[in-house]
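Shared between the two complexes below is chain A, which pairs with chain B and chain C, respectively.
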Partner chain A sequence: MTTHTTNAPVTMLDTPPARKRPDWLRAPRAALALPAWAWLTAFFVAPVGMVLWFSFGYKPGIFGTHANDKLSLDRYAEALSPTFFTTFQNTLWVGVVGTIICLIISIPFAYWLALKAPISRRGILLAMVMVPFWTNFLIRTIGWQIILAPEGWFSDLLQVTGLTSAPLDILFTRTAVLIGVVYNYLPLMVLPLFVAFDRVGNDLREASKDLGAGRWATFTSVTLPLAKPGLIVGVLLVYIPLMGDYITATVLGGAKGNMAGQMVANQFQTAQNWALGSAMAVVLILTILTTAAIAFFIAWLATLPVRHRRRLVLGDDR
Partner chain B sequence: MKQRLSVFDTSLKIWSGLVFAFLFAPIIVILVYSFNTGRLLVSFSDFGFESFAAIVTKPAIRDAVWVSIQAGVISAIIATLLGTLAGVALARRAGKWAPWFLILLVLVTVTPEIVDAVALLPWMVFLGQDVGLSLFDNGIVRLVVGHSLFSTAVVAYIVRSRLIGLDESLEEAAADLYAPPFKRFRQITLPLVMPAVLAGGLLSFTLSLDNTIVAAFVQVSGSTPWPVYVLSAVRTGLRPEIAAVSTIMLVLTLGALALVAVVLRRAGDSATDIAKTVGGG
Partner chain C sequence: MSPQQPVRILASTAASRIIAQEYSRRRFLSFAAAAAGAGVLAACSSPSGEPAPGATGGALENNLSIYTWGDYDDPEVLTDFTAELGPDITLDSFNSNEEMISKLVAARGTSGYDIVVPTGPFIPQMIENGLLTKFNLDLLPNMKHVDPAFLGRDWDPNNDYSVIKAWGTTGFVYDKTKITRELKDWNDFLDAAQNEASGNFSVLDDPAPLLGLYFWSNGIDWNTTDPAHFDAAEDFLVNTLAPHISAFDSYPGGVAIPQAQQALMQSWNGDARIGILESEDPDRWQWVLGSPDTELWADNWAIAAGAPNPEAAHAFINYILDPEVSLRELDYNGYHTGVADIEDAARDAGIEMLDLIFFDDAQVETMHTQTITDMQQRIVEIWDKTKAAAGA
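So, the complex of A and B:
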């Protein structure tokens, strides 16, 4: 999942170095990618291209779903009109806040798992992180619905222990939606971060401490920069599906859990306006791509002074 | 200094304990509630095994689980096959086509499921009815196609990153010893990437079993997969049988996992290595 490579004999963009073997022995290997290429073209490029095409059309009447004899950008204007725009805003809010919470929870957790937990138990602990992933995600979300219910046992427990005086009132709010999405995508953040911290290992961190760096300085200028590829993968793995998810929000957020994915689904399933639904889908993808690009640009800018000030060159960056 | 160190480590440990509690809370709740004898899942009345007995009398539930398993296995096989071949090609024979292919893989990964779903539904209808390929009217075929896209990209990444970290000298030696390409692939390359292939296959199967959004769109009535059955049950009122089925499935997956772990350990690969492979390392 990462484009980060270690001691690669053949880098991605270079042509392979000349070998003793004749060309005909090499040819079949490049052809190995052909089946995947064909499969993805037939079932990804073609259908998504069709959606792109639909998005420039219009809904011809009550019974038609789409027509493309007149092309325009009107559906995009409609998708961004105030009614739908608030939903995009809401989706973006849940997506960004949810990803940040996942990061905050995962960094110390993955750090502990990769560097502090007993070595003999790391494998089993890691498998335990993945267990929720192996229970159907709808059912786990329903588990949260039970926990957060105002008349449920958790609410009773909070009242009996005196932590709250009134029944729990967060089911069908944005807080419940956030809890649900953070829960559902947390393992996807922990896994790449674990791999990244594991790769950093103890040697460089100890060296940093021996050279007089404090705990915080070691973490910010050695551990975190070296774990960057994992951080990027984790953020993308959480942010992208989270932005498209609407089922968690429906189960836990009720009417307040309106997400962009739900709007797209509605246009195709109930309103039967494929042109508008397609435009919304394209807007959703563009929102994801641009916000991700902006986030990485901001992160790059924010770390620029730090990287400029103390440039560490430590062997190869693994 | 020593004192501060242990305070820091202890707070890390407590934090991690809390994270585990968070991860397991809803699963334990579902386990407990699957023994609920009440009419609705969310309101617990009494402890009993009625919900497990009810599964036997409701063929719709068993059918849904069976459809999911079939779709999961077939799509995992297809994704693993296509993804492994693509990953090997990307790692070892990356020519001018490779950047373009990588862009395609990235696009597949960043496209949210809902977009795949709305795109595949009209496409399947078009292929099945307008083009006349009745294959695409089959529920399992539609599910397999829908679930295999993301997984193919994921397997390709995993296999590529595994192979790119390994020296090519073994394969070169085989070539120098005049091993034909296919034999070289089967006897050298494939064993080298096997952990990545297994991890990718397992991940594909899991992703397919869990897939709700694409499945809800492309499914054909008569072959409703399990997540879609649950989704419709959420709308009409959940009964404890649903929790009972997920309890059984959880026990089965844990068993399967233990089995995989044993097999891989025997093959000399620890769980941490598997995770590293999955995580792209």
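So, the complex of A and C:
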């Protein structure tokens, strides 16, 4: 009897042999991410590396696109020359202002959708945010070209109702590009913010009110800080593709709303100058990275006093 | 997939075995190379020296891919071709020869396009760089309908690689309700562009005609290679004209004219005609042929190197050279197709606005074909800078 009982646990331990496999035979846990790593290496890291490499080369002749036998930083000097630099400035302006407008529109809307709108309607309201995505991006943008045309129906409507006295003069300007990008990228801001506000839920907000916080205090010190991850995701999801967008700028911007994406496309498609195009692409990538880093640093710095004041102290320090 | 035509070689018994082995080995190698190439980025692979298999008159493939200028072919002609002969057509369009060539160069024979439509002067370099496949002229009997004046041009003297698709010229269209004075030539165009049409005018999104604006209006040969002329052109376009440009639009006839988006537009004649015909009020638009000098361009049907569907490509080109089909094309895109006696046919058919399609000898005299010179790179650079400056 006793031997049997002492033996039993041993056999129990023996049954799952896989778990007893020595550590060195076990596949590393990172293997789960192997497909993602392989994908990113082949289709992101390697191409970016190639772009970086091309950017140090030059264009050898009409039918050559790039050569790297002489390496230099000349293409960067060219990309940052005054003619092309203004386009980077314009792109940055559209990118920053566009993202801020998306943010200003999306925060109250997503807040309302996630916390105030009747739950039974939430699904359909969310679907309505998504519906424009069912139409092709280009078609939607060309639609704006017709709306904003000086003799389009919108311009006529404004004049008939007396809101303006002259035909609309927005098409083929930076304002038109701004309208276009805000329209095109708004859902990318609304959705992460909606998810973030939705996850905050009502419990913590009610607790905040029970403890005496007003509406504003609850929003700024409970809801918004908890929704911060969604806020960051939304800003990045809008800002990064917006900076590289060239369809909206081509369709609505005409000559005046030129963006860096178009310059890069011109270099690769028409000028066949991959070296200069690559240098421009690298400058664009660096601009996006630096400005995003600066923006987050400013946000971190600006909220520092608030976070310091509201620091939660658990237990007694004294 | 259509059955492959067997290759027949007459040889001595002793040699035939070796040839057969060599042949199958080569086919295996080319197959292996193609399979390996698919795994590598197109840009990294080495250019293939082997010419692509041409057409032999075998069965047509199921597909045909055409890379051409925007809105250039009657959609009904394309669907009729598919209905009559079978191959489904995929269309893709480009804005400039440079764009088309860069895509072909980057793909090195794997672009997947069967038919491309280069403008004449670009053809010699395209041949030299192995971007085009030779025609099998036996499969193009309808070439006999082409007016001899448009055959054997200096870019392809024997029509081995290309045959005329359409030719046209560059001028401009203006809105008479916004520009009340009469504009007659390029100098008037540039003057209006900097005055009443400022911020309300577009130029073609194509490097050569942009430079042409400066050269034509100043009486300079637009094929000049004098660097001083280019410096002056750059200064004028980048510093003087660019701030007034509101769009770079190769096809104002598509949206800009029907929607009255611009007051003044540099335009190709056929596109201008489409736009004016589609406008609600055609009378407000005035077409002006560029003068004192302007462009004469001739676009050509050609078959891309490595075309996956060479039989269908030949069948299509032959189909479209038929005088009746050609007339439908002319009616649609408003360009002279180079087919003999088409002017009379168009007049008999009652096609509208013939003055934008056919030009008299005195007018043709002022039109000049572009030649590709060493300055090509500089032309594209100036165009680039003008675009950047216009957005400043």
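By definition in this document, the second predicted complex is superposed on the first by the 274 of 318 C-alpha atoms of A that agree within 3 Å, B and C clash if a C-alpha of one lies under 4 Å from a C-alpha of the other, contacts with A are read in each partner's own complex, and residues count from 1 in each chain.
Rule of thumb we're sticking to: a residue touches a chain if its C-beta (ideal position, glycine included) is under 8 Å from a C-beta of that chain, and two chains touch if they have at least 3 such contacts.
Note that the structure is a prediction, hence the values are computed from the model and not measured.
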Discussion item. On the A-aligned overlay, A:149 touches which partner chain: chain B = first, chain C = second, or both, or neither?
Written reply: both
Discussion item. For A:121 in the superposed arrangement: first (chain B), second (chain C), both or neither?
Written reply: neither
Practice prompt. For A:39, decide between first (touching chain B), second (touching chain C), both and neither.
Written response: first
Practice prompt. Could you figure out whether chain B or chain C reaches more residues of chain A?
Written response: B
Worksheet entry | Which superposed partner A:268 touches (first chain B, second chain C, both, neither) | both
Fill in: Partner chain in contact with A:87 - chain B first, chain C second, else both or neither
second
Worksheet entry | Residues of chain A that lie at the interface with chain B and also at the interface with chain C | 47, 50, 142, 145-146, 149, 268-269
Discussion item. List the residues on chain A that touch chain C in their complex, please.
Written reply: 47, 50, 59, 61-63, 65, 83-84, 86-87, 90, 142, 145-146, 149-152, 171-172, 253-259, 262-263, 266-273
Discussion item. If we count contacts the way the header does, which residues on chain C are in touch with chain A in the complex?
Written reply: 41, 43, 95-96, 98-99, 101-103, 105-106, 125, 129, 199, 202, 207, 238, 242, 245-249, 255, 259-261, 372, 376-377, 380-381, 383-385, 387-392
Practice prompt. Would you mind writing out the residues of chain A in touch with chain B in their complex?
Written response: 1-3, 5-16, 19-21, 25-26, 28-33, 35-37, 39-40, 43-48, 50-51, 105, 108-109, 111-113, 116-117, 122-124, 126-129, 131-147, 149, 183, 186-187, 191-192, 194-195, 198-199, 215, 230, 233, 236, 240-241, 243-247, 251, 261, 264-265, 268-269, 274, 277-278, 281, 284-285, 288-289, 292
Worksheet item: Can you list the chain B residues touching chain A in their complex?
Response: 8-9, 12-13, 15-16, 19-20, 22-27, 29-30, 33, 41-42, 78, 81-83, 85-86, 88-99, 101-102, 104-105, 107-123, 126, 145-146, 148-149, 152-154, 156-158, 161, 164-165, 167-168, 172, 175-176, 181, 206, 209-210, 212-213, 217, 226-227, 230-231, 234, 238, 242-243, 246, 249-250, 253-254, 257, 261, 270-272, 274-276, 278-281
